[in-house]
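One structure is given below, represented as C-alpha cells, and several questions about it will come after.
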Amino acid sequence: MTTDLADFLPQLDRDIRDRADWGRVADYIPELARVDPAQFGIAVALADGTMISAGDARKRFSIQSVSKVFSLACVLGRIGEQIWTRVGREPSGSRFDSILLLELEKGRPRNPFINAGALVTTDELLTGRSPRDALSEILGFLTAATGDGDIHIDKHVAKSEDETGFRNRALANYLKSYGNLKNPVDYVLGTYFHQCAIEMTCEQLALAGRCIAGLPGAPSLLSEQRARRLNALMMTCGHYDASGDFAFRVGLPGKSGVGGGILLVAPGRASIGIWSPGLNGNGNSQMGSYAAERLARVMDWSVFRSS
Amino acid sequence: MTTDLADFLPQLDRDIRDRADWGRVADYIPELARVDPAQFGIAVALADGTMISAGDARKRFSIQSVSKVFSLACVLGRIGEQIWTRVGREPSGSRFDSILLLELEKGRPRNPFINAGALVTTDELLTGRSPRDALSEILGFLTAATGDGDIHIDKHVAKSEDETGFRNRALANYLKSYGNLKNPVDYVLGTYFHQCAIEMTCEQLALAGRCIAGLPGAPSLLSEQRARRLNALMMTCGHYDASGDFAFRVGLPGKSGVGGGILLVAPGRASIGIWSPGLNGNGNSQMGSYAAERLARVMDWSVFRSS
Amino acid sequence: MTTDLADFLPQLDRDIRDRADWGRVADYIPELARVDPAQFGIAVALADGTMISAGDARKRFSIQSVSKVFSLACVLGRIGEQIWTRVGREPSGSRFDSILLLELEKGRPRNPFINAGALVTTDELLTGRSPRDALSEILGFLTAATGDGDIHIDKHVAKSEDETGFRNRALANYLKSYGNLKNPVDYVLGTYFHQCAIEMTCEQLALAGRCIAGLPGAPSLLSEQRARRLNALMMTCGHYDASGDFAFRVGLPGKSGVGGGILLVAPGRASIGIWSPGLNGNGNSQMGSYAAERLARVMDWSVFRSS
Amino acid sequence: MTTDLADFLPQLDRDIRDRADWGRVADYIPELARVDPAQFGIAVALADGTMISAGDARKRFSIQSVSKVFSLACVLGRIGEQIWTRVGREPSGSRFDSILLLELEKGRPRNPFINAGALVTTDELLTGRSPRDALSEILGFLTAATGDGDIHIDKHVAKSEDETGFRNRALANYLKSYGNLKNPVDYVLGTYFHQCAIEMTCEQLALAGRCIAGLPGAPSLLSEQRARRLNALMMTCGHYDASGDFAFRVGLPGKSGVGGGILLVAPGRASIGIWSPGLNGNGNSQMGSYAAERLARVMDWSVFRSS
C-alpha cells in the first residue's frame, strides 16, 4: 500500500496542476481572499506509522472550520454527551452560515459543524475559563494529537475575520437572544475567530486526525466509541450542504474548511490532510474534494466496503 | 459470531417486550392504523450464509418506504447515474413528507428517500412501461435478491393509501407543475402506493439486503460501487430528519418505513431486517431503532470501526 | 368629474397603446397563453350612475382570481364570519401559489385571496350542494350585482386549467391532508376552475363592483360593514406579493387575476374594471396596474385622501 | 362630533378598566418589563383643532416602533424615494423580528416597519452625520409636528435595550453582511435604540400624527402625496403580522410599538394616540387594539367608508 501511495500522490498532484478549475478563494475574509487558489497539498498518515505526502503538504494554511472537529472533541472530553442538549446531530440541508433554520428551530443549531453549532461548542469550551485558556486547550489537543508543538494561530486572519465576520456575529447574537450562549457574544466570537485562524500543514492535519481514524499508535485522546461518533458526524454533516454528495462520491468521513482544507478519515487505515484554497459553490475545496474522491477510489477506502 | 447472535437476538426480543414504549402506529394510512404496535421481529443474514432471527421475524408487514431502496436500485440498473439530474443526494433537514424545500428548490427533491424523491424514482421506472410492468420489475428484483418468490403487494393497503394519501398527491402534483414527473400523476401515485404496499417478513428483508451489504454468495444484482453508493445514501438520508442521529447512534446504513420496518446493512458482515410497527416522533420505528442500536453495539458492527 | 373622465380614459388608452411593455400572458394555462397581450380596456362606474369606458372595455376576458372576491362575498353571505376559522386575513408575503407557508402554518391559508385560501372559500360554498349549484350562486350574485344576465363560464378555459393546474391540485390535496377541505378534492378543484373561468367585460366588472364600492343605487347585496371589510382585504391582500406596493402607488383596494383583470374600488366614488392580459413579474396585469395608478392620481381617489 | 367623543372616550376608558385581559408587557427589554400593564390612555386630535383625551393620556411611555413612522418621514424628506432601493414596501407575513425572510431575500428587508427595515432607515438617516445629529433630526421633526419641545429620550430604556437587544443586533449584523448597512453596526444600533426610547404621551402622539392625517392647521411637514403613502404603508405593514387583521377590524392606518403605543390615523378627520402597555401574541397592544376598533366603529372612521 505504501508503494502504491508513493506513486499515486505525486501523480495526483501533477494531474491537479494540469486542470484549470481551481475554484475561488473565500472572499468574505479579506486575509484569505489574498491567497493564491492554484495550490494543492496532500498528506496521508498510514496505519503503519508512515507518512506520505505530495505537493504543498508542508505549507501552512488556515484550517478554519476543520477546527470544529477538534473543538468538539475537546468539549466532548470535558462535558461529554451533555453538549447535545444545546446542539443537534442532524444535517442542516442549508448553507454553512444559514440563519433560517435557526429561526424555525428556535435557536438550537442543527449540528456542531455548521457555524451556529460551532459557536455553541466554543461557548461551552469557554465556560468557566478565559478565551486564552480555551484556545490553549484546543492547541494543546492538537499538539498532543500531532506530537508537534509548532502549531499557531494567525492573528491577522483572526483580526480580519473579527472585522468582517458580520454573518457570524449575526448568528452569535441570534443564539444569545434564545439563551443558547452562556458567555458574552464578543468573547465567544473572539475565541471562535481565533480557533478558525489556527494554521496547520497537510502533514500536521493528517497527524492530528490519527486519533479520529483510530490508527494504531495514535495518541490516545478519544475513546473508540467517541471517535466513531465523530466519524458519523463528519460523514453526515462535515461538508455543509454537500455532505450527502461527499459521502456518495468519496465514502469516507471528512470535514472541510473555507481555507480550503479537508480532514479525511479512513477508519483504521489512514488519516489524510488535503489542502487547496479554491472553493466550489458549496464552500468546499474544489480540488481538495476531487483529490479525496480520487484517493478513496484508488486505495479502495470506502467505509462501505464489504470485503 | 453465530453463537453470540443466537443468544443475543432472543434476549433482545425479551428485553423489548418488557419495555412499554412501543410508539404509535402511523395513523394517516387507515389500513396501517389497525396494526397492533406491540410487535417486534428481527432477522440477521450473515456473511457465512446463515440466518438467525427472533420474535415476529416471519410475520409479513408493509415495507412502505423501505421499498425506496429497491426501486432506486432498479432505476440505477436501468438508466444509471442519469437519475441524479432529477433528484439530489443531500439530506433534507425536513420531515419525510415536507413540501417546503420542494418550493425553495423549484421541484427538484433533495434525495430519493424522501417521498418527493421516491415519486421521481418511480416515475422514471414507469417511463415506457405500464404500472403493472414497473411493479413487476420491483417484485422481480426482490425475488432475485431473496431467492423467494412469495413476496406480494397488499392491495388493501395500496387502496387505503390511494384514498387517503393527500400529502403524497400534493407532492406528486407539485412535482408535475415543475415538469419533474413525466407520466400522469395518477399513474405515478398508483404505482408508488402499490410499491409501498409490498409485504415482506424480516427474514425476507434480510435476504433482500444481502446484495446491498455485499455479502459473499449474495445474488449479483448490483456492482460493488453501486452497493456502496446505496449505503452512503442510506446513511445520510435513510431515516428522514433523524438520519444524523441514526448514523451517530448505530453507525450503520439503514432505511426505515412507516410500516415499522428497517433494513439495516453492515457491509460485508450482515444484512438485517427489523420490524416493530410503533413509530417515534420522526416517523421511524421506535423499538426498531432501539434494536438496531443494541445489535450494532453488541456485534461491534459500525462502519466507522477502526480495527 | 364625468367630463374629466370622458377626456382622460381615451387618452390613457392611447398612451398605453404607445407603450411597448405589455408584459407576458400567463403561460401555465394553455388556453390563456393564446391571448394577445397587446389589449387594454377600462370602465368606470360612477356614483351618479353613469359608466364611462375606453379601449377594449366590452371584450370578454377570463376574470380568474378576481372571482375570489365574489365567491368570498357569497360565502360571507351564507355563513358569515365563521369562515375565518378556516382561513386567515393576513398578507402572505409570498407568491399567489406558494405552498411553503401552508406547511409552516399547518394547512390554514393566510388569506382568501391566495389560491389556497380561495380553495377553502370554494369548499365552504360547495358544502351541502352540488358544484353546479355553487357555481350558480356565484353567477347569480354577479347577475344581481351587474343587472346583467349575460355572464358565463368559458368551459374551454376551465377544462384547460383542469388539465394543467397541477400547482392548484397540489394545494388542494395539501389542504385536504390537513383536514381543511370538507368536500372531495376533485369537486373543489372543478368548481374552483369553473369559477375562475367566468368571463366578463370591463364594464360588467365595474358594475359588479358597485356594491363593494358602496355606490348609491348599487344593488343591496352586502352590508356597509361587510363591504368595508372586503375593501380592507383587497387592500392588504389583493395583489399577492405586490399588495403593499399597489396600496402605496394606487391607494385604492383592488383585486387582480392572471387573466389580466383588475377590479378597483374607490369607496363611495367609483367601481372600476380594468383589463390588459400581459402580466408583470408578480402575476398582476402590467398595463392594468399602470392604468390604476394613473387613474387614481388624476381623479385624486386615494382612500387616504384627507380632504 | 366633539360632543360624542367627549362622552365616548371616558366611557371607553371605564370599559377597558373593567376588563381583565391586559396582555403582557414586553419582557425582552428589562426596563419595559417593569411597566404595570394595567394602564390605558387615549387622545384624539380633531380636524377642528381640538384635542379630547381620557385615561392616562398625559403619561409618558416608550414609543418604540411607533418611532419608525417618524424616522421614515425624516428619511423621505432627506433622500426621497431612493430609500426604496434598500427596503421593500410589502407586508412580511412574519414576526417583527424575523430573520428568516431576510435570508430568503438576501438582505433586503420587506418594509421599513419591521425591525430590519427600520434599521436600514436609521442607517440612511445616519449617513453623513453623527448619531447625536440623527436623533436631533427625529426629535426636531416631533417638536415641529407637535409644537411641543418637551419630548425626550429615556436613556435607561435605550441602555437596557442596548444590553439585551441581541435579536436586533443579529438583524443589524446580518444586514451588514449583505452590504445593506453603510455605517458601523454599533452606530446604527445605538441610534436605533435611542430612537425607540423616545418618550411621548398619547396627547403628544396625537399631535405628532396630525401631519400624517393631513388635518387642517397641522404643521406642513409632509406633502399630501407623501402623507398618503405613509398611510398606505401603515395600513399594510403597521402591525407586523397582524396588519391584515387590523385593517379588517379597524379600517384605519396605524402603527404600533412594543411599549404599547399605537398611532392611529383617520385621514382628514383625526390623529389618535393610544397607549396600553400589555401586548397580545402578535406584539401589539392588546387593549390599544381593542380601543382602536371601538373608536373607529363609534365614530364611523373607516377609510373604506363610502359615504
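In this document, chain identifiers A, B, C and D correspond to the written order of the chains, with residue numbering beginning at 1 in each.
Note that in this section a residue touches a chain if its C-beta (ideal position, glycine included) is under 8 Å from a C-beta of that chain, and two chains touch if they have at least 3 such contacts.
Fair warning: this is a prediction, and the values are worked out from it, not measured in the lab.
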| item | value |
| --- | --- |
| Each chain counted as touching chain A and chain B at once | none |
| Chain whose average C-alpha position is farthest from chain A's own | C |
| Copy pair chain C, chain D: interface residue numbering same or different (half cut) | same |
| Length of the line joining the C-alpha centres of chain B and chain C, rounded to whole Å | 47 |
| Averaged-CA centre spacing for the pair chain D and chain C, given as whole angstrom | 32 |
| Centroid spacing, where centroids are CA-atom means, of chain B and chain D in whole angstrom | 55 |
| Two or more partner chains touched - positions in chain D | 104 |
| Topology of the chain contact graph, where touching chains are joined (line, ring, star, complete, other) | ring |
| Contact pairs between chains, per stated definition | A-B, A-D, B-C, C-D |
| Contacting residues of chain B [partner chain C, same complex] | 28, 98-100, 102-104, 166-167, 169-174, 176-177, 185 |
| Residues of chain D defined as touching chain C within the complex | 88-94, 101, 110-111, 213-216, 224, 227-229, 231-233, 235-237, 241-245, 247-248, 251, 253, 267-268, 302-307 |
